[in-house]
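Next come two complexes, and both contain chain A; in the first it sits with chain B, in the second with chain C.
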Partner chain A sequence: MSTSLPATGPEAAAQLDEPTREALAELLLAMADDEFVIGFWDSEWTGIAPLLEEDVAFSSLAQDEIGHAQVLYQLLAELRDADPDRIAFGRGAQEYRHARLLDHPRTDWAFSIARRFLYDTADAVRLDLLAASSYAPLAGVVAKMRREETYHLLHATAWVERLAGGGEEPRRRLQDALERLWPDALCVLAPLEGDRRLVEAGVLAEPLADGEQRWLTGLAPLLERLGLPFPFRRAGARLEPAVERPASPRGDHSASFEWLWGEFTSVYRSDPEAAW
Partner chain B sequence: MSGQAVLGERAVWEALAEVPDPEIPTLSVVELGMVRRVEVGDGRVRVELLPTFVGCPALEVIRRTVAERLERLAPVVEVDATFAEPWTSDRITPEGRRKLRESGFAPPAPRTTGEQPLFATIPVRPAAACPYCGSPDTTMENAFGPTLCRSIFWCNACRQPFEQFKTV
Partner chain C sequence: MEVYEVFRQEREGAPMQHSGNLLAPDPELASHYAREFYGRRQESVRLWIVPRAAIRDLSDPDLLQPPLDRSFKKPVGYSADIKRKLAAARDRLGVGSAGEPEAEDPVVAAGRKGAEQA
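== the complex of A and B ==
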């Protein structure tokens, strides 16, 4: 997996103090696992999407996301002096640190679209917080990822509009999916143990909690215009959730994820020492 | 040229101009704007490549092909890929754009510059002009295509599908 990747930042990694390095590792693992897992869920639509165009789109989205994960695992491996393949494939299912939003199976089309929309918009905020990162290797990768994500955002937004205005059943399915997913969507920008440390070190522009507010403020006009679920109350300038974020935003993974993990690690687990 | 001739940067660029992109082989890696830097010194050559897409599966093939081509020029060859600056589709040369059109691809639109809005999407208008008949009356059928770097369009004038190299 790591063979074709740019040499990114062993020198930069060596210059970080230990608490910052730990905090950065936690953030990179969360981001990489998010991209990796959504990529594998996306790939499940290959061949069975409702339109041929969407077979192509979801396969391409999957390839983008797994490619992003690959580079993020590489950055993490340089930080920890570890093997990126082992990080990507060599952990038990409950050791993954993706957000609970990505624990759900692909379910129906509206559900997959709703999840992509919530994830893509939250991820856009996270990338924005890293665009001017003091950790140069990450800033470089993020600059590249953000440009690719403009296509993901176009796709997700167009489909949300299409399903919302697409008659009774598509609209109902989209609404149900959003209602079901909102609590878990709040896991993507949930605070990490070290995110304040990362702000102090200039790695992250502001704490994830502030990013979450920008995300919600940015989404409100579209969802309100389309009359779609947006379970938040205005409290001054802040938006307070009317739903509860799970206690363990990046752990306690579902049986569905354990099944997916079994699939995507099966080749690696068949011979962990093999040189591919 | 004698065996003792000092290898120049120009010879390296000329050699690189012979290395095709494996996914769109009419274009060289130079026309694609992938070559960031060439360093030549004392029997060694070092080249920095900018990956076009983060997950591009062709990168390793390109790197190997570049290395093999340059090994004919120098005993020590180093080919590194880097994200130190982002490759953008604006790096495709005018010659590269002409070749794209000739192969049935619309070249990427110029990128909008300045601060990227939070939920930035690519602009859908104006749509890419048809590489076959030149008509601007086209429709984006799919933001995604057969490889990471392409979108699919339909020309309403000459009624043909075509692809555009993504604007990134």
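== the complex of A and C ==
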């Protein structure tokens, strides 16, 4: 662990060496884009969720994710002395660094729940790895995000259990969604170029690949109990995927995402200089 | 689907107040929805989520609005009755009406003396 840094962004950023700053920027961008994109996909359920109460709940969860993206873009902006709105809205679709799990369209309810469950559980592990980060501004933000994510996890797990035990059709839809999503879910904790350096600097507790093992080990009992797809083989103490890992975990985005990007940047692109 | 009634507390020590109700398939989701409806803006420190079916409803008018006069069970009803009796006693004794607050009311004075002797 390195010595602790001051809590304000610009000063903390100034104390990092250039390669560590680059590695941290890569991690922050990946996390912020993940939260931003899932927030926009899930906000598409506003008005059409299975029941009014769920409509409010799911829309509120989506708003939380946009809020998390906002604070992460802010941290990134301090690191690079840039404008957070420009980072969030001013890039081309293929410049986003969200995981391929978030390239799929909303699809049906079981699909959106399956994705949220896979994403939230993986993201929870990522947040755990950052809870004691030597980069104080990030540790502070993560502490707040984890408190909100506790509820997100309860909500997603409640729905997975209900769809799994909710009769033939909900169960089949959930199974199909998980089978389709598992390879791309492996992109959330896929190694980043600089994650070893972040571990050395105490920014990240462990490499993301070790986090992925924690994530899978944690998920196994629930998915096995519910008899849901879990395509992994035990190789000694490790779980190895029985599906192929996508070659480009955070790039080569889909046409669906390009459509979503067109939606969520449309206002910004109409006048990038406007003050909102 | 079941109806749940939700009560919320705005700050520690404040009373639990009825906020409204919601529909949910089970108690766990009811808790999540209550949190979204009545807590997502940080307006609550505690919620009670109660299945409406668990509430004993009492609205029988024979029990709650009996036809006979019950005004004597209310503080205000009792004082109204006392005032009427005071006025009657004054009439009997031939003293003035309640418009002279300086002098001790003779009926009250009689009562006080009786209490002192006892």
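Criterion: the second predicted complex is superposed on the first by the 268 of 276 C-alpha atoms of A that agree within 3 Å, B and C clash if a C-alpha of one lies under 4 Å from a C-alpha of the other, contacts with A are read in each partner's own complex, and residues count from 1 in each chain.
Just so it is clear, contacts are C-beta pairs under 8 Å (C-beta built on N, C-alpha and C of every residue); 3 or more make two chains touch, one makes a residue touch a chain.
Bear in mind that the values here come from a model prediction, so they are computed numbers and not experimental data.
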| item | value |
| --- | --- |
| Three-chain arrangement built on chain A, chain B and chain C clash or fit | clash |
| Contacts of A:128 with chain B and chain C, given as first, second, both or neither | first |
| Which of chain B and chain C A:53 touches, first, second, both or neither | both |
| Touched partner set for A:155, first chain B, second chain C, both or neither | both |
| Chain B versus chain C as contact partner of A:103, first or second or both or neither | neither |
| Touched partner set for A:34, first chain B, second chain C, both or neither | neither |
| Chain A residues touched by each partner, larger count belonging to chain B or chain C | B |
| Which of chain B and chain C A:147 touches, first, second, both or neither | first |
| Chain B versus chain C as contact partner of A:212, first or second or both or neither | neither |
| Touching partner for A:78 - first (chain B), second (chain C), both, neither | neither |
| Set of chain A residues, in rising order, touched by both chain B and chain C | 53, 56-57, 60, 151, 154-155 |
| Parts of chain A lying in touch with chain C, wherever the complex brings them together | 51-54, 56-57, 60, 151, 154-155, 158, 162 |
| Touching residues on chain A, where the partner in the complex is chain B | 3-8, 53, 56-57, 59-61, 63-68, 70-71, 121, 124-125, 128, 131, 136-137, 140-141, 143-148, 150-151, 153-155, 157, 214, 218 |
| Of chain B, residues touching chain A in the complex | 51, 53-57, 59-60, 63, 80-88, 116, 118-122, 124, 141-146, 148, 151-152, 166, 168 |
| Of chain C, residues touching chain A in the complex | 1, 22-26, 28-29, 32-33, 35-37, 40 |
